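These are the structures, in structure tokens.
Heads up, the next two complexes both have subunit A, just with different partners, subunit B and then subunit C.
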Partner chain A sequence: MPPFEFLASPLLGYLANGLVYSSIIVLGGIGLSLVYSIGGFANFAHGDTMTVGAYAAFVTYGVVGAISGGVLGLPVGFFVALLAGIAVAVVVAVLTELVIYKPIDLDSIGLLITSIGVAFVYRAIIRMGFGADFRQYDIPTLRPIEWLIPYGVRITRHDVVIVLSALLLVGGLHVLLQYTDFGRKMRAMADNPDLARVSGIRTGRVKLWTWVIGAGLAGAGGVFLGLYNQLTPRMGFSLLLVVFAAVILGGIGSVYGAMLGGIVIGMVNQFMPALPQLGRLFPIIPRECDLPLVTSQCGIPIGIEYANAVAFLIMVAVLIIRPNGIMGEEN
Partner chain B sequence: MVNGDDNIDESRRKLLQYSAVAGLAGFAGCSTTGNGDGSDTDTDADGQSGGGDGSTETEAQSGGNSDPYTIGMIDSLTGSLSAFGERNQRGKNLALSRVNDVGIDGRQLKIQVEDSESQAQSGVTAAQNLVNQAGVPFVIGAVGTGVTMSVYESVIQDTDVVQLSQSSTGLGPTKFPDLLRVSPSGRSQANALADIIAEDGYDEVAVTYVNNNYGQSLADAFMSRWDGDIAYENSHNQEQASYSNLISQMADSGAEAWVFIAYQQGYSTMVNEMYESGYEAQMYGADSIQGDTVLENTPEGSMDGTKIVTPSAPVENENYQEFASAFQEEYDREPTSWASFAYDCVMVASLSIAAADEFTGAAISNVVRDVTRPEGEEVTSFEQGMQILQDGGGPSDIDYQGVSGPIDLDENGDPRGFLQVLEVQDHSYVGIDFISG
Partner chain C sequence: MEVPKRFQAGWEGMSQVERSVAATLLGLVFVLFLAVIGGVLTPAYFVFLLGLGGMYALLSLGLNAQWGFTGLINFSVAAFFGIGAYGTALMTADNSPIAGGFSPITGLIVALIVTAVIAVLIGIPTLSLRDDYLAIATLGLAEVVRLIALNQDSWTNGSAGVRGIPPFFDGWPILDGLPRALPGFRIELVPGSPLFLETPFYTAMLNLLIVGTFIGITYFALRRAHRAPWGRLLRTIRADEDLAKALGKNTYWYKMQAFVLGCLVMALAGVFYAHLNRYVAPGTLDPITTFYVWVAVMLGGSGSNRGALLGGFVIVAIREGTRAIDFGALPLEAAPLRLLVIGLLIILVMRFRPQGILPPQRELIWPGVVDDAPSQPDKAVRDTRGANNE
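On to the complex of A and B.
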């Protein structure tokens, strides 16, 4: 019998799944939020930048192959591919900024619409090169980690890598923003670009580096999304709506808000199966109910297909109370 | 982009044609056709001999014209069903080149392909382009049942344009006798699925279906046939990054037989997540979960024992084998049933155009069923059909035997389908049984 068996519960399983899914959303969300705060517009091509990263990693992995060694069920070749995915996403996004967004010089709505067009171009090019079929990295799919199963947690070592990588990247970004000179410049520019410029900050350079970091995170998010699920030309775009919800919930422009929002949205999604059986899962709630609009197990009878709808409902509720999001600045 | 160019070429050519035949009246007709809706186009065509589609008609009858016959096709070139669209296009191209090797009374067939983006809205726009602007009398389309129904109800229904769907297997189209299809209705599939699960000795199932017309209608049909318990029943959305919440719920239901009415991409995500979570279940599924991409993207052995009911081509027939080897030569891969459906759509369209008195929707719809069903000589190629017509035969002297099945369109516009039961063994599909529709 495993130690601490009393902890075993479906809730623990949902929590673990939620953590993995949240990590993916957070990786997409912080890049999006960063570009919003410095670039000044909601970049709809962000999801497709993730796709670009994933496909770049796919190609690289195909070339370099597994390479022996590796950690947590992932060969060294995968980490090479991850770097390549990040690099290509960065190059593509920076080129787009230099060739399209910067010269076009529109207001934020104009840039938003432009970015939708850019998203279509990315996706079309990927589709031309790889076709519409879905595919996977040539990495063996893993079985769940044995010793966690008795607790109701069914995740693989790949999932662990996803969570750890998200923590690492988010932690790195935190250090960069809080403790480096460059981070201070970025925060200054996010607060007030004009003031930042007159006080001698090279805003153009900061903006470009923001694109590098934002797109790099998107690329990494895309590579992990491909590991988590599969690669399709629509993979990033399909996730983008949820990522936006997370970013807006957290407070658009705030990197920490994006993290928090990503966790809330990811958790809501994975905790959906708990809703119809709240009474069975939570000791504080009575086990049996006889109320209208409630299941016999004191739950909310709602199917998992409404996960996104519930997430958006929570987003709306939060925005009514805090119009700028959880971490958004009041102004 | 290619479609866009086609469109421009198309309209430029039309414009020249109009000016040559009908002078200024032709221009007037052109603009009327462009702006009017479907029913207007018909009135124009009938009423004004010199304008709009009327001119095309007159030329078709005169016989001295060598312009191609243009029909339309709405396909999922992009979007969630684009994998089916790609397969359709391969079948279509093969059929088209074969038809044009023979020619329809000395004229070529041209198919203007429009993208539905696998969505109803874009499908309807595509249909409007084809029917109202290009003025085609015959539309092959579409893939998803929801898209096919929307196209029919918003554009085709009030015109005499013939619509023949290449890939929709949902139950909805049966309600509309004039909405034809080559792919068999899902009801026979759903019934077969329920019977097989009962035969295998399960009395409890967990069912999940894709959240659209196809999934809903097939699941309804399945559940109305199924006598046992339904421990879990829920829809899922397409293209989700994660279905682990769904998988957890299906596992919690305690049912040992899981039924998937899903699309390939979603299904293979689910299989991966089942594998990664260590859940085992006897899986059953509709044809939409079957495909090489699913095999390629799921771990070896993760689906073994899964049974799938799929509309099947009569693989033992000579015409199918001939088709398969030609397909293999052209594309270096095995044909899928989706390629064979699109192939047959083009064949049926060509035979009906050849057999019809004139190149109009009304004339073609009079003959389209006749060329597919019995009381006629069984033909397996376009050439044989043309031979019968040239020897003085009529539409009912032809009974086209498709590479996807006998077709035999009935009064509901549905074909007589052949079903095959597949089982996944050693991570590949093995046919274990045939069921006649």
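On to the complex of A and C.
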């Protein structure tokens, strides 16, 4: 008998899964939000930057995978591959900024449309190199952690690595933004680029570092997405709209909003199986219902295949009620 | 008073770019014609390609009414194309899970009504949003439509798709049996590669006739609408929405009209596609179609209907050109190459010619209105006036 058995519930399991999925969305969302507030446009190539990171890690792991030793079921080689994924994503994003976005003299809509072209080029090149098939890191899949199963939680040690790494990266970003000189410059620039410039901040340099941070986090998110699911050339683009939903929910341009929105959207995504059986899961709701438009267990009759659709509808609803998002500034 | 040069018809009235575009197009048609004569391309397939180009041109005209004239960033082109296709398919097809068996004209009308309703439903929450939010929201809602088409098996047959869609002229008095009734010809212009003008060719010609009619009606209706005060107001909204509001106009309402109008044109293309392909699957709603059409509109020139027509045919050239690679010797797949070409085209157009190949001239939209106004005028007002009255 496990201790605290009264806690056991499918809800706990959904919560744990939600935490893992949220971590990936938060990592993607922060970069999207940063580039929006400082780069000044909605970057549709951000999802594919995640794909670039994932495939760079895939290649690196194929080379260094033999390094022995490891933490939490992951060989050291994986962490080398993670760093490589981050590095390649950063290099690709910075080069794109310098070669493509910077010379283009257009408004934010022009850049938005350009970034779609960039996204297609990334994806096309990856598909040419690796084909359209599913790929996996050559790491054995783990069984769920034994002592958590009685509580209804089925997560592997890999999932724990994803959550811990995301916490580490997000915590690092928080320290950087709040307690360093560079963070203050970034926040100043996000607030008012012209004012930041006349105050003597080298805005060009700050902008470039924004790309570095945003793409680095996206690269890490992509590597983890590959570990969590599989790798396909479409993985990033498919996730992009969900990440957008998270970022808009939190208030586009706000880093902390992106974190909050990422958690909400990630949780909604993983709590989808709970919706048709609300009556069984929550004691407050009657166990059985006989009403139109409601399942026999007093739930909302919607399948998990609509998880993304629900995320988009939440996004649109937020845009109508609070156009600047939960944490967005009123202006 | 002498008519300004750029309003004259014919070769004389064309700008330098227009002349080179016209010359290139004529050259291309000539090359394709040679390919047909030489037996590389069957006449039926050649006409089919023209019809497909017409379909993209129609989609581009629809997007142009939204983005080019009113400045609405609609990223749900594929969704409305799909709604049009599914609308008519579900009404007419043999294995339709809903209705089935109705005439294609009923299908067309139902598809347009359903499109209008969904366009209004999508427009209500999104059209008051800022530009970039509108882009993201429409893309998200298009994905919702795609997920419904994919997963609601009881409405749409899910991933199996809808089969057995009749041709558009099914049940019409003369046109129905025409392709089979006409005599087949076998012409041998080049010895050894005969051309067959038989049923498939006549079917393709009929399809070309349909899309040609759709385009003709749309093109002239749009041209008429945009020269009317209504169109002038839309252009004002695109150039400066606050200005239009300050003039006491309900810009939300006008944006809704333009949005629904554009979506109807896209659905028309979908209806044509359903009766051309005779099979509709959720892949029809893939977002890539949206971006094909965006490339067509931007390449042609935002706000320019002639540009939209040109862009539609360029897209078919890209699609078919990359398909040819599959048969060629290069170790490349067509799909990623197509993606690469589309991506590079978007980047290059935005970088070097954001106004497109055929920017608006006769549509009474001047580049200064179409593009965002520069932060400082590059010419004195008098110079600009002089240039316009030239």
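The working rule: the second predicted complex is superposed on the first by the 330 of 331 C-alpha atoms of A that agree within 3 Å, B and C clash if a C-alpha of one lies under 4 Å from a C-alpha of the other, contacts with A are read in each partner's own complex, and residues count from 1 in each chain.
Throughout what follows, a contact is a pair of C-beta atoms (placed from the backbone, for glycine too) under 8 Å apart; a residue touches a chain by one contact, two chains touch by 3 or more.
This structure is a prediction, so every number in the text was calculated from the model and none was measured.
Undergrad: Following the overlay on subunit A, give me a clash-or-fit verdict for subunit B and subunit C.
TA: On the shared subunit A, the partners clash.
Undergrad: After lining up the shared chain so the two structures overlap, which partner does A:V63 touch, if you call subunit B first and subunit C second: first, second, both or neither?
TA: A:V63: touches no partner chain.
Undergrad: Looking at A:G13, would you say it contacts subunit B, subunit C, both, or neither? Reply first, second, both or neither.
TA: First partner only, subunit B.
Undergrad: Is A:M315 touching the first partner subunit B, the second partner subunit C, both, or neither of them?
TA: Second partner only.
Undergrad: Using the touch definition from the top, say if A:L168 reaches subunit B (first), subunit C (second), both or neither.
TA: In the superposition, A:L168 touches no partner, neither subunit B nor subunit C.
Undergrad: Which partner chains sit in contact with A:L95 here, subunit B, subunit C, both or neither? Use first/second/both/neither.
TA: neither
Undergrad: Please indicate which partner A:E305 is in contact with in the superposed arrangement: first for subunit B, second for subunit C, both, or neither.
TA: A:E305 sits against subunit B and subunit C alike.
Undergrad: Quick one: is A:L72 in contact with subunit B, with subunit C, with both, or with neither? Answer first, second, both or neither.
TA: neither
Undergrad: Just checking: does A:L195 make contact with subunit B only, subunit C only, both, or neither of them? Give me first, second, both or neither.
TA: In the superposition, A:L195 touches no partner, neither subunit B nor subunit C.
Undergrad: Figure out whether A:A132 sits in contact with subunit B (first) or subunit C (second), or with both, or with neither.
TA: both
Undergrad: Considering only the contact definition stated at the top, list the common interface residues of subunit A for subunit B and subunit C.
TA: 127, 132, 303, 305, 308
Undergrad: Where on subunit B does subunit A make contact in their complex?
TA: Answer in residue numbers: 78-80, 82-83, 85-86, 211, 234-237, 239-242, 244-246, 248-249, 252, 264-265, 268-269, 272, 275-279, 293, 296-299, 302.
Undergrad: Of all residues in subunit A, which touch subunit C in the complex?
TA: 41-42, 100, 103-104, 106-110, 112-114, 116-121, 123-125, 127-128, 132, 233, 241, 244-245, 248, 252, 303, 305-306, 308-309, 312-313, 315-317, 319-320, 323
Undergrad: Show which residues of subunit C lie in contact with subunit A when the two form their complex.
TA: 73, 125-126, 129-133, 135-137, 139-141, 143-144, 147-148, 150-151, 291, 294, 298, 332-333, 335-337, 339-340, 342-347, 350-351, 354, 372
Undergrad: Quick one: which bits of subunit A touch subunit B in the complex? Just the residue numbers, please.
TA: Contacts found on subunit A: 10, 13-14, 17, 21, 24, 127, 131-136, 140-144, 149, 154-156, 158-159, 225, 228-230, 232, 234-235, 238-239, 242, 269-273, 303-305, 307-308.
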